[in-house]
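Below you'll find the structure, written out as structure tokens, and then a few comments.
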């Protein structure tokens, strides 16, 4: 999980906790198991109704993987492709076999192995493009599910508050209970707002950013494998792959790769 | 109906019931026939005004069918096509007649029968594509209707609450009635929120997912029938149809079909 | 006006009336002329500001016509074209003159008369396509106007409620007036919600459905007239026109036309 | 400004005034300078932050011009082009010089003068098309600005109400002030709702309709000037230009132009 | 930062301050550190969760630069290109070297230096187009981040208000605290509304306008450099570049450049 997500989550929940602790009454009035059940359980229920069963479990894995997975750094990947191109130039494509086995990134290794195994550059790019398409559609599915939970949580928060209000109003003859009943009724709305605005909405945004980043690296790898297969020179490979980077990163890349 | 929808609906309504029962007063204050009438009846009325009569009844059927209908499993369908291709190879297209009659899926059987009956591969795919187009437009019509009910239910919930508030405020001289009146007034808003967020919005999402799944299977069948008609080999049919599956399912498929 | 619209409107308003009558106080607290004035008048005013004068009046006519106008039934129209094609086959195009005069649908009659008058099939379809374009843009204009009224009515409802609240709060020293003042203030919001959710939003949806239906019939007629002009055989005309119908209707059509 | 806009504004504000005067307390409780300042001033401030300085002033002019500017009537313009074509036929293109000077519409006169000055039909249409593009983008800019004011006014209304509520709640120990404070606090929300729903939203709609109308007339003029430059006959010009009108207007046009 | 933004911000905040000072109680009830913390801190936290770390810091710089950066005036730039074209005409492309070094705009200078350094007109435009693409995508990223802060601030305002309400309602047995507690609870909603409607939403709009303006100037420069590289005459350069300006500005430009 990238560092900004962790900072943001700690900051967000920390601020809410601090602002609660600074008020009178402490944390206790804000903890209510049934309120939590209706918001978290309700959003989960809506997700089950909304998405096919295997999507629900599959997508949680995809989302987690998207956040935890360490992408290969573009600059290092370019340097790697340059080194491979030199190997190919000296000893032919088959000499890559050994090198390919050491590549830690699964996607890139599979591409190199296909190439060594005799597939043409076009065949390998087609295969990797198809796989990238499935990766992207899984990310989009994950974003859609987080978005839908971000909409369901406040809705169940409102349902919980309405239930609490009806119960509180039914007991209006005992005025001392009004405040407490209303406070509890509002908790589900608060929970729903926190789930949506601290977790779901920003996490869906981050998932999109991570997906765009992964797509860029994957496309760089696809292009690199194809260039290797076409027998491009190390210099040509570097020049072509560098166009995937923003101008600023290019300077850094040159220094690192130097 | 798929298992996730049932789990989700039981979980969603169960949580709401449990959270009501845990509060004071039990279930009774939450049951009010006129409130139910205005929300459910109102959403139904809006649907009648919004859609042509035959769409309303037709679409309910389409929606039910979409949820209850058991789609042929893609992997089994591919194996079936492979077997048919072997029959065609040995004994010619006409030998399919008997096999086709045993196919349980209506859409696939009709395609095979047309093929046996002498239509060309192109004619049969055109016919099936047209039919798929009508299936998709019925699903879209169904989704639109559920979406519109998901918008109408909270709107009628608000109308009911406003009616209740006006009645309660008119009797404000009797303060003991305020609480009860307001509680009843809020019930329609609660009903509307439940209808929209537990049923309509997530069900519309599931309908879309089911429709996408059915479209994929139908397109696989159309491609399979066309390949049979073009006299493709069993191996060629398997290779082409397997591209409809996601990479993970392909491995499973190979095992199952083995 | 189609039957579903009438059922829906009666059901919608009936439910609201019944739910009012079942409460205490009867219908009277819900009738307030100034509240009605500000919601209905305000939505009308916004429509006048929003649309050109001739659009406002023209569109009301278009909308009414769209609802009241009886479309020719597709199956009957196909049978009619088949009969015309037989006349043309036997006695030539000019023999249609007499038949054309009996056609009750204005759009179809004009097309046939042009054909008899010597225009080519292409000229007649171009003319009818242009006219269909104007019909569609009038329907879209009507939908836009109803949609904008459906947005203006709740807005003026809120304006009315705010005015009522300010007046009520200014007289807060007399506590007995609070309830009544607030009840009246809420009436405009209630009126606005009813106008939008019982009338405008669903009617805009129905107008769209009716427009799609009319477009389908008009395109069937344009195709039929063009086929007549090209001298197609009755069988060819029937086969081509039948593709405008959904598979289910086709069966019905065959029976009816048989 | 077209008559419907004036009728609508008078009707809208009139209804609000009447509905205020019919209540108790008269107009005075609804007039509050600071409330007006925060809504109108705030919406203006947001506009200044949102748009470049010269756009703000430029756009007000464009909007005013769009409303006040009298468009040449299409039917008259067609008749004019027909007359010009006859002049050109008899005495050549240069004979238009004198006629062109009398044309009151700036856009049309400039086109004719270019034509007389020796530019080709294509050059003149290109020039006029470019100018029409700028006119349209100015109208779109104006619509965007009115739309943004229509969103800012209710937002500043809410800000004002929150400020009023905080002040009122701070003085809660004096219960007699509650009503008045709350009434004043609500005034900004009321002002914001009126500015948005009586002025901004419908005026943005009218601006769009006026812009569409002007575009149609301008395109008719561009086509007319181009046809003149190509030496088309009066009859050909009329036939071509008439296609810009809706079927109904065509009949009227024929009568008027006759 | 352009003058309209400053005027707007001063006007917006000034109006809010004045409207606060005119009420009873002065500024103090509106200042609450924890309320500020939860709104500003929460919106920042959501931004960290939503965007990658380097984007967050990078984008702030981009946004600031976009507001503070002084764009070269189009008319002056055109005059400059005209002067350069005369230099090129007299003394050849290499004579530009010295002139290019004096150009204050980085983007334009780099283009001229590439040209002098021997790149073809097409190569230089390609390089500058790519750079412009990155500038635009940075601006879009900045707008997206400001938009997301404009949505997060009111959400955290609501979370803060809910926390305050729960605390206040828990202490309902002490009626004298109700007013103050509720006033404080509302402060976060007020802060959130101000952050969103005075800062984020209009600033995102201005960023878009500035970005469009910068794009226009950059494209003018790219075209100018390309024309220089193609050896166009000063007159041809002026004629072509002037088409980037709106008709009104063209007149002004002619005067200024004269």
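Per-chain residue numbering starts at 1, and chain names A, B, C, D and E are given in the order in which the chains are listed.
What we mean here is this: a contact is a pair of C-beta atoms (placed from the backbone, for glycine too) under 8 Å apart; a residue touches a chain by one contact, two chains touch by 3 or more.
Which protein is which chain? UniProt says A, B, C, D, E = Chemotaxis protein PomA.
What you are looking at is a predicted structure, and each value in this text was computed from that prediction instead of being measured.
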Shared interface partners, meaning chains that touch subunit B (Chemotaxis protein PomA) and subunit C (Chemotaxis protein PomA): none
Between subunit B (Chemotaxis protein PomA) and subunit D (Chemotaxis protein PomA), centroid-to-centroid distance (C-alpha), Å: 46
Distance between the centres, which are taken as Cα means, of subunit E (Chemotaxis protein PomA) and subunit D (Chemotaxis protein PomA), whole angstrom: 29
Order of the ring members, counted from subunit C (Chemotaxis protein PomA) so that subunit D (Chemotaxis protein PomA) is second: C, D, E, A, B
Subunit B (Chemotaxis protein PomA) partner contacts - residues on subunit A (Chemotaxis protein PomA) that touch it in the complex: 34, 37-38, 41-42, 44-53, 55-56, 130-131, 134, 148, 151-152, 155-156, 158-160, 162-167, 169-173
Subunit A (Chemotaxis protein PomA) residues within the subunit E (Chemotaxis protein PomA) interface of the complex: 2-5, 7-9, 11-12, 15-16, 18-20, 22-25, 29-30, 176, 178-180, 182-183, 186-187, 189-190, 193-194, 196-199, 201-203, 205-206, 209-210, 213, 243, 246-247
